[in-house]
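Per-chain residue numbering starts at 1, and chain names A, B, C and D are given in the order in which the chains are listed.
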Amino acid sequence: MAKKAGALRSRKKSVAGKARPSAELNAVIDDLVLGNRILYVQDVVDSYGHISARHPHHPDRFLMSRARAPGLVVASDIMEFGLDGELIHADERPIYSERFIHSEVYKARPDVHAVVHSHSPTVVPFSVTQVPLRPIRAAFFYPEVPVFDTRTSAGWTNLLISNRSLGQALAQTLGQNAVALMRGHGNVVVAPSLRVVVYRAIYTEANAKLLLQAKMLGGPITYLAPEEAALMEKEQSKQRPGHGHDRTWEMWKQEALARTSSKLR
Amino acid sequence: MAKKAGALRSRKKSVAGKARPSAELNAVIDDLVLGNRILYVQDVVDSYGHISARHPHHPDRFLMSRARAPGLVVASDIMEFGLDGELIHADERPIYSERFIHSEVYKARPDVHAVVHSHSPTVVPFSVTQVPLRPIRAAFFYPEVPVFDTRTSAGWTNLLISNRSLGQALAQTLGQNAVALMRGHGNVVVAPSLRVVVYRAIYTEANAKLLLQAKMLGGPITYLAPEEAALMEKEQSKQRPGHGHDRTWEMWKQEALARTSSKLR
Amino acid sequence: MAKKAGALRSRKKSVAGKARPSAELNAVIDDLVLGNRILYVQDVVDSYGHISARHPHHPDRFLMSRARAPGLVVASDIMEFGLDGELIHADERPIYSERFIHSEVYKARPDVHAVVHSHSPTVVPFSVTQVPLRPIRAAFFYPEVPVFDTRTSAGWTNLLISNRSLGQALAQTLGQNAVALMRGHGNVVVAPSLRVVVYRAIYTEANAKLLLQAKMLGGPITYLAPEEAALMEKEQSKQRPGHGHDRTWEMWKQEALARTSSKLR
Amino acid sequence: MAKKAGALRSRKKSVAGKARPSAELNAVIDDLVLGNRILYVQDVVDSYGHISARHPHHPDRFLMSRARAPGLVVASDIMEFGLDGELIHADERPIYSERFIHSEVYKARPDVHAVVHSHSPTVVPFSVTQVPLRPIRAAFFYPEVPVFDTRTSAGWTNLLISNRSLGQALAQTLGQNAVALMRGHGNVVVAPSLRVVVYRAIYTEANAKLLLQAKMLGGPITYLAPEEAALMEKEQSKQRPGHGHDRTWEMWKQEALARTSSKLR
């Protein structure tokens, strides 16, 4: 991964010093802005929570908004960060104190190209009870959805993942999974691409609602089997036009533009 | 039914080769587009799920959108399919992989003229527990609402009804009922007409909510009796202007046009 | 009451034959149209359910829309009915088959000047379980909220109150209360005025939600005491500008006009 | 506090007699109008409930709307009250009968500069059961969330805090906490500033939802520890741009202006 990054860097020249962004970078930024708006419109984030994407030319960087409510984010809010959570280009504007969730996950997981941190409302109750968040329909919950507790790693804190050490501990709990819960706080969702992470964040909340309701009905629950989940994930990974996340993105994009500012830039 | 179809075919000439659609066909297409939008606005489908109508002139064909989020469907998205799920007119656009839900139900049930497949959110929990989805108000739940499980018919799958064999197995479980659940996935609702299937899909979700809440209150539940259901269905089947589905359609149509694109074509 | 009605009738001349409506009648019609829209916007009615007002000059008549979804009702939809549910002025348009809910309540309860029948969603579960709908905040639930079951009065029916006999039985169960539930169907709410019946119908649903949630928390519940309820009802009956239903009406009216057609006529 | 108030009064001259309001006062009034709209749009208040702010120049006065639904409040609705709940400037318009909630809290708690009284829907169930409203994420719930019952202080009442004596009793139950529940009625939330009280009122409801759902999942619940809460409150009190309530205010303000009248004055 580092090698490929080097290759890209030499081919594209440095974007440091705010060189003109490539069409590819512009497309990622547009999707990132839309991702912010979509997660807000779909009630996964409220004024808090954030979404990032690994830089398309520099795998050791990621793109994320300045500290702002996701529903209000525009392209000029997007900043570049390094894998220690540091700003690449000097900027006076406030930045998310929990950027270390993102930086440490990108560092630990070369396969991850997009990260969402949210307080997705129906997921939080699973983080404070002993009921595991298991899949009714969300195939990407396998192998498992672990729960991270700052208390275990660092004792009494303000629960924010506001330094590298807490970010590392969270990334370690996440392991090779797609979702980890954060006790009394929220969750982190990761994916190989931005559109997939938006999809997963939304269906993490949806699956939590299904499971909560199944629990209310009572009795044994038939969960999605790992064998079924593997076949579903294989299908999803095909990324065919009109199917999977391509279909949801078209709908969510339209809803986001209708219900937030229609201007991305 | 095949006979009647033949009669219709000879009377109307073939629409293959995209002959000019009749006024009747256009009316069905408009209703089908509205049905897509209504199910989306009423939260029965999200970006997934689909609705189809049997072709008014060719009972061995059905009409359904290309693979697209129902909330975005317009008339030009509507395609014709045969009862093996094959496209009648060559078309490069993506098609729903689960069209076999529709084709096999139309094949097995000549009385059915419209089919909805959805992931209607409060219905799914009933598909993974042992609590039967019984009628509080939904008279069309009789004789029963069976649960189909791909696992029983086909072992480990990705849960999609993406071939004729799975479609047949689902249609067999559905039997002569109006609704069947699909474990961990969704449901299928059928009816003698498009407006009725929209009505049934919406009130399937509504009844699931009522039953979930009654279960939460606890204690014995007084269900709708089969004798009462039969009288209610008889009343509904009269289809008088201003009553039954005629009344709901006027309201849902207005809501759909207000909350999605006002253009059907 | 009959006496006062007679006095009014002689003073105003007959409105039969569609004489020009008085300003007072027009005001009631406007409020009735708004009441329809408000109940729809506040999710008490969907496409079904209806609201009526006793005629301001003829206490032996009531005003109600033709058979139509409440969210779409305009002034020209309002018709006059007699206390046997008969149309006062010949009209070809479809009428609500359950108008007998209204006619029989007006007949039995001279104090009642407005009636709502709805399928208010959180109230229905209380109609099919043995959990009584008791007041957390809804003072008008006293003396009690009885449950009417068509099965007890009339055996197997389609559950609709579509004749005088069923209307009478329902009115008898209602007695001197403000709310009665209808098993597996909905509820009827009555009040001394139209704005109060809208208020009561909305807070009947709200109280049902509070009670359902309190039940989910578990343990003993502190209900509103009858002594407290009596003092609350006394306060509400003062009808001071800016207080009680006057305050809610201003808000609900604005919401209704923003979310349905802004034209009442 | 009284001393500082005296100093301010002499410096600014009296605003009695409706002297031209200072820029600071105008800013508080604008925020107060926005606070009304925000609480309505965020579903903390419906047509009832109110929010007040201590007067920026006269600590022995507070600002609050005339008796009106919060979603409709504009700047000209804002009135000045003294700490006995009396109007400072003669005004014929109706005033909230429960203004004593505010006046007695301002009297008892010099640290409080803003008060919300609401019937926030998920909070009420905790007021009528024996389940304490404990923090999942709401750090400001410490030391505790006490429950006030008019029945204990004053026997049978209409539940309204409509005189000084009931206001005092409520303020006494509130003590040094940020939130107190009012049995069968609602809650009161206080804070050192208007933006913080809006934040707390919204997250009081949010935490109640999380706790209700955690209770529904069952089993032991890991609550926020007092040590964690103290660190979170310390972080929140920094009031840095782009963080904490500054971030939420920007979002909520935009939502409020989009969904209510865009005119504050």
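In the analysis below, a contact is a pair of C-beta atoms (placed from the backbone, for glycine too) under 8 Å apart; a residue touches a chain by one contact, two chains touch by 3 or more.
Remember, it's a predicted structure, so these values are computed and weren't measured experimentally.
K.L.:
Give me the step distance from chain B to chain D, shortest route via touching chains only.
P.N.:
Graph distance in the chain contact network comes out at 2.
K.L.:
Once the contact rule is applied, which chains count as partners of both chain A and chain D?
P.N.:
Chains that touch both chain A and chain D, as defined above, do not exist here.
K.L.:
Distance between chain A and chain C based on Cα centroids, please, to the nearest Å.
P.N.:
The computed centroid separation for chain A versus chain C comes out at 49 Å.
K.L.:
With centres defined as the mean C-alpha position, give me the chain A-chain B separation in Å.
P.N.:
Distance between chain centres, rounded to whole Å: 34 Å.
K.L.:
By residue number and range, which residues of chain B touch two or more other chains?
P.N.:
In chain B, the residues touching two or more other chains are 216.
K.L.:
Inside the complex, what are the residues of chain A that reach chain B?
P.N.:
So the residues of chain A in touch with chain B come to 136-137, 206, 209-210, 213-214, 216-225, 227-228, 231-232, 234-235, 240-243, 247-248, 250-252, 254.
K.L.:
Name, in rising order, each residue of chain C that touches chain B in their complex.
P.N.:
Contact set of chain C toward chain B: 46-48, 66-69, 71-72, 93-95, 97, 119, 121-122, 124-126, 128-131, 149-151, 156-160, 183-185, 212, 215-216.
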